[in-house]
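Same chain, two partners: chain A is paired with chain B first, then with chain C.
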Partner chain A sequence: MFGQFDFGVITRNLPYLIKVGMAFTIELTILVIVLGIVFGTLLAMMRLSSIKVLSAFATAYINLMRSVPLVLVIFWFYFLVPYIGAWIIRSPTPVRVGAFLSSVITYSMFEAAYYAEIMRAGIQSIPRGQVWAGYALGLNYWQTMARIVLPQAFRNMVPILLTQTIVMFQDTSLVYVLSITDFLGAASKIAERDGRYVEMYIFAAVVYFVICVVISFLVRRLQRRIAIIR
Partner chain B sequence: MAMIEIRDVSKWYGSFQVLTDCTTSVEKGEVIVVCGPSGSGKSTLIKAVNALEPVQKGEIFVDGVRVNDPKTNLPKLRARVGMVFQHFELFPHLTVRQNLSLAQALVLGRPQQEADERGLKYLDRVGLIDQKDKFPGQLSGGQQQRVAIARALSMDPICMLFDEPTSALDPEMINEVLEVMQKLATEGMTMMVVTHEMGFANRVANRVIFMDAGHIVEDASKAEFFGKPRSERAQQFLAKILHH
Partner chain C sequence: MNYHWNWKIFWDLTPEGSGTYLHTLLVGLLWTLATALAAWVIALVLGVIVGVIRTTPRKWAGRFCNGYVELFRNIPLLVQMFLWFFVIPELLPKHLGDAIKQMPPPWASYVPAVLCLGFFTSARVAEQVRAGIQALPRGQRMAGTALGLTLPQTYRHVILPMTFRIILPPLTSEFLNIIKNSSVALTIGVVELTAAARAMQEFSFQVFEAFTGATILYILTNILVIYGMRWVERRVAIPGFIGPAVQAGGH
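Let's turn to the complex of A and B:
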């Protein structure tokens, strides 16, 4: 059945697919995991704060980000950030941000909203007594969060953080709307150039599948290693 | 001034009043037991002493420092007041050794090695030095509570608060915790203890406070309280708790 297919197109173009396409996808994913979880955790703490202004801001931000499609946010940021940047530094011309930086900012801001909701659930899963114990020993709010609440919240939430991260990893392919060449973009270009659509899209699907399976496996191992002994 | 001074303290949850004009004090070296039926406000009162529960009215002083004053540096004050909780509240993601040293290093700024040594010294005192590298989840309830006491002691507190320290324990583990507390009392530690253990109160306490519905109904010397409490409510409570 695969007689008329030429899977050699994959091996011939592997360096391009990996070095250009996959490198971008992985770089973006890793940066967004780190920035998204950091901002998301801060947003979660703001949302749970007793300071009304903070919690109102965080709630509004999270709800807004979660109710618009990712592609729309990508467009917004790509076209707006240069003007916002110009306005901030009082430059008469739009600031050149570049597609990579723009996508890192966009995805981090967007994913932060989702990570925030996960971390909020994680923080709320920690019994109040743990916070009391931290305070009673003289720890302040930040110390109690950093040393007692967040390490436990994070451990409890690893499976859901993983799910969100896999969704995000796949969503990075949407950067094609900014004409950035990520892994899927690279595969498409080869497919179009060589007229080998079926081969390239099968290959892309297999690669995404394998990476997701490997990430899940590694995270499960990590989870076992850091599990809280009860 | 007494070590702990509680003056006219009232607290509301919304429109529900949990504490009504509570006044009492604990002198240095004194052990007082706070008892009363559940929901009487005794846990809330003891948590107000180190401001884990804010109060809306009245004044609380610890070692002359006003607790419910916005200008008070609460972390600094709390670091000097040991607290033991009903559910132990050891940090489950840290080993026993790390539980003991965390606040010493973070709050008191002790070098890690000194904090470790000090923590282990108190762990030895509560008889659990062999458990130093275990996680809290690997210990029995009684052992966890003794570690919690050692954790509080390694901060060199000026007084100790116990909030129902044996209520969550299986009966056979209650004594090992009470023995540690009794030893602490004989060494002269100032202690405020919320408990239903009337045997402990009878052996160790200087004074007993009886609370009901947010009021301090009885604040009497041990002899007086166990001999003949003044209030009818306390008499009923004692009758129930001693003859069951």
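Let's turn to the complex of A and C:
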């Protein structure tokens, strides 16, 4: 069945696929995990805040992001970021933003909405008495959050945060719509150049599959270990 | 900020001569819904079958179905889209593959897109069905057996009627996901809502109006689906039961 196919095209282009493509995908994923969780936690805190304006803003933002497809959000930010940049540095013309920075901003802002909902559930899983105990000891809001609530919320939510991160890792492939060379972008460029669609796309699928299966296996193991401790 | 807003653009005619820009977006929305609904049928049928098999005592069939779910969950949707569009026609016997590639324009990308979304979502539906069945008290299955029902009868009359009611809320969010995920089909040439907004942006240069229009249409669709499903949930609810909150990552 695979007689007419040339799988050598993969080994010949492996350095390009890994050093250019996979490097972009992994850098993007790691940056978005960090920024997404930071923004997501702040959004969750805003959503649970007793200040009405903050919680209304966070709720609206999270609902908006969650009801629009990622592809549309990618296009939104791709065109919006240059204008926001111009507004921040007061430049009369839209600022040129590189593909990498644009995707980091897009995915962080999008993923933050999803992380926020997970963190909100995590924060809400902490008994309210712990917050009162913190205040009773004289800690302020930020101290109570940083030292008591968030460390426990993170630990409760680690498996779900990681599952969401695997989904996000897969979704970074959608930068393809901006013709950016991530791992899939690199595979698809070679596929188009050499007319080797079958070989390159099967290879891309296998690589994503192996990475995601290994990580979700590790997540399940971690989940079991956390379950024993608690 | 020197962007020139022009909200009246929606009533301008497109250079293609197919009507107004608003009409372009609405046709896009129709394609989004047509893709999502057709894929949803595949997802429900396959998802229920696979999900049920994973809870039966048949070990080997169960393992096969676990593999099915893992396969579709661990490959990015976009890669799956390319596999259905570029790769599958090449792997089929030549006359069949050529017949697929030579389908007239919208269908050559619509059919692979529907199959892709259907199979992708079926794995997620299967996960919900399995979780729903396992959330039922074990006694229900035992009671069915004790009454002399066969395994298929127990599923048909005892387990599945309960399960479907329990998993309605997670199925609603899967349905919302399939609508959103249908936007990925633009990469293989389906002109659904996001692609229509892109086309409007390219012809009219009114980027933000085009994307705002698409965003509003997506939000309205979401709201309609959520209210529709709440109505269904109330209609079929069994007093005294709360649906399980199945946590699954996803967009």
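Definition applied: the second predicted complex is superposed on the first by the 216 of 230 C-alpha atoms of A that agree within 3 Å, B and C clash if a C-alpha of one lies under 4 Å from a C-alpha of the other, contacts with A are read in each partner's own complex, and residues count from 1 in each chain.
Basically, a contact is a pair of C-beta atoms (placed from the backbone, for glycine too) under 8 Å apart; a residue touches a chain by one contact, two chains touch by 3 or more.
Just so it is clear, the structure is predicted and the values come from calculations on it, not from any experiment.
Of the two partner chains placed around the shared chain by superposition, neither chain B nor chain C is touched by A:223. Using the contact criterion defined above for the overlaid structures, shared-chain residue A:152 touches chain B, although it does not reach chain C.
Within the superposed three-chain model, A:132 lies in touch with chain B and out of touch with chain C [touch as defined at top]. With both structures placed on the common chain, the touch criterion links A:75 to chain C but leaves chain B unconnected.
Once the two complexes are laid over each other on the shared chain, residue contacts for A:171 go to chain C alone; chain B is not touched. Contacts of A:143 after superposition on the shared chain: chain B is touched, whereas chain C is not. After superposition on the shared chain, chain A has more residues touched by C, the comparison being chain B against chain C. Of the two partner chains placed by superposition, only chain C is touched by A:201; chain B is not. Taken together, the chain A residues at the contact with chain B in this complex read 127, 129-130, 132-133, 135-140, 143, 147-148, 151-152, 155, 228-230.
Chain C contributes residues 1-3, 70-71, 73-80, 82-83, 86-87, 90-91, 176, 180-184, 186-187, 194, 197-198, 201, 207-208, 211, 214-215, 218-219, 222, 247-251 to its touches with chain A in the complex.
Against chain A, the residues of chain B that register as touching in their complex are 47, 50, 52, 74-76, 78-83, 85, 87, 89-93, 102-103, 106-108, 135, 137-138, 151-152, 155. Interface of chain A with chain C (complex): residues 1, 64, 67-72, 75-76, 79-80, 83, 86-87, 92-93, 114, 160, 163-167, 170-171, 173-174, 176-177, 184, 188, 191, 197-198, 201-202, 204-205, 208-209, 212-213, 216.
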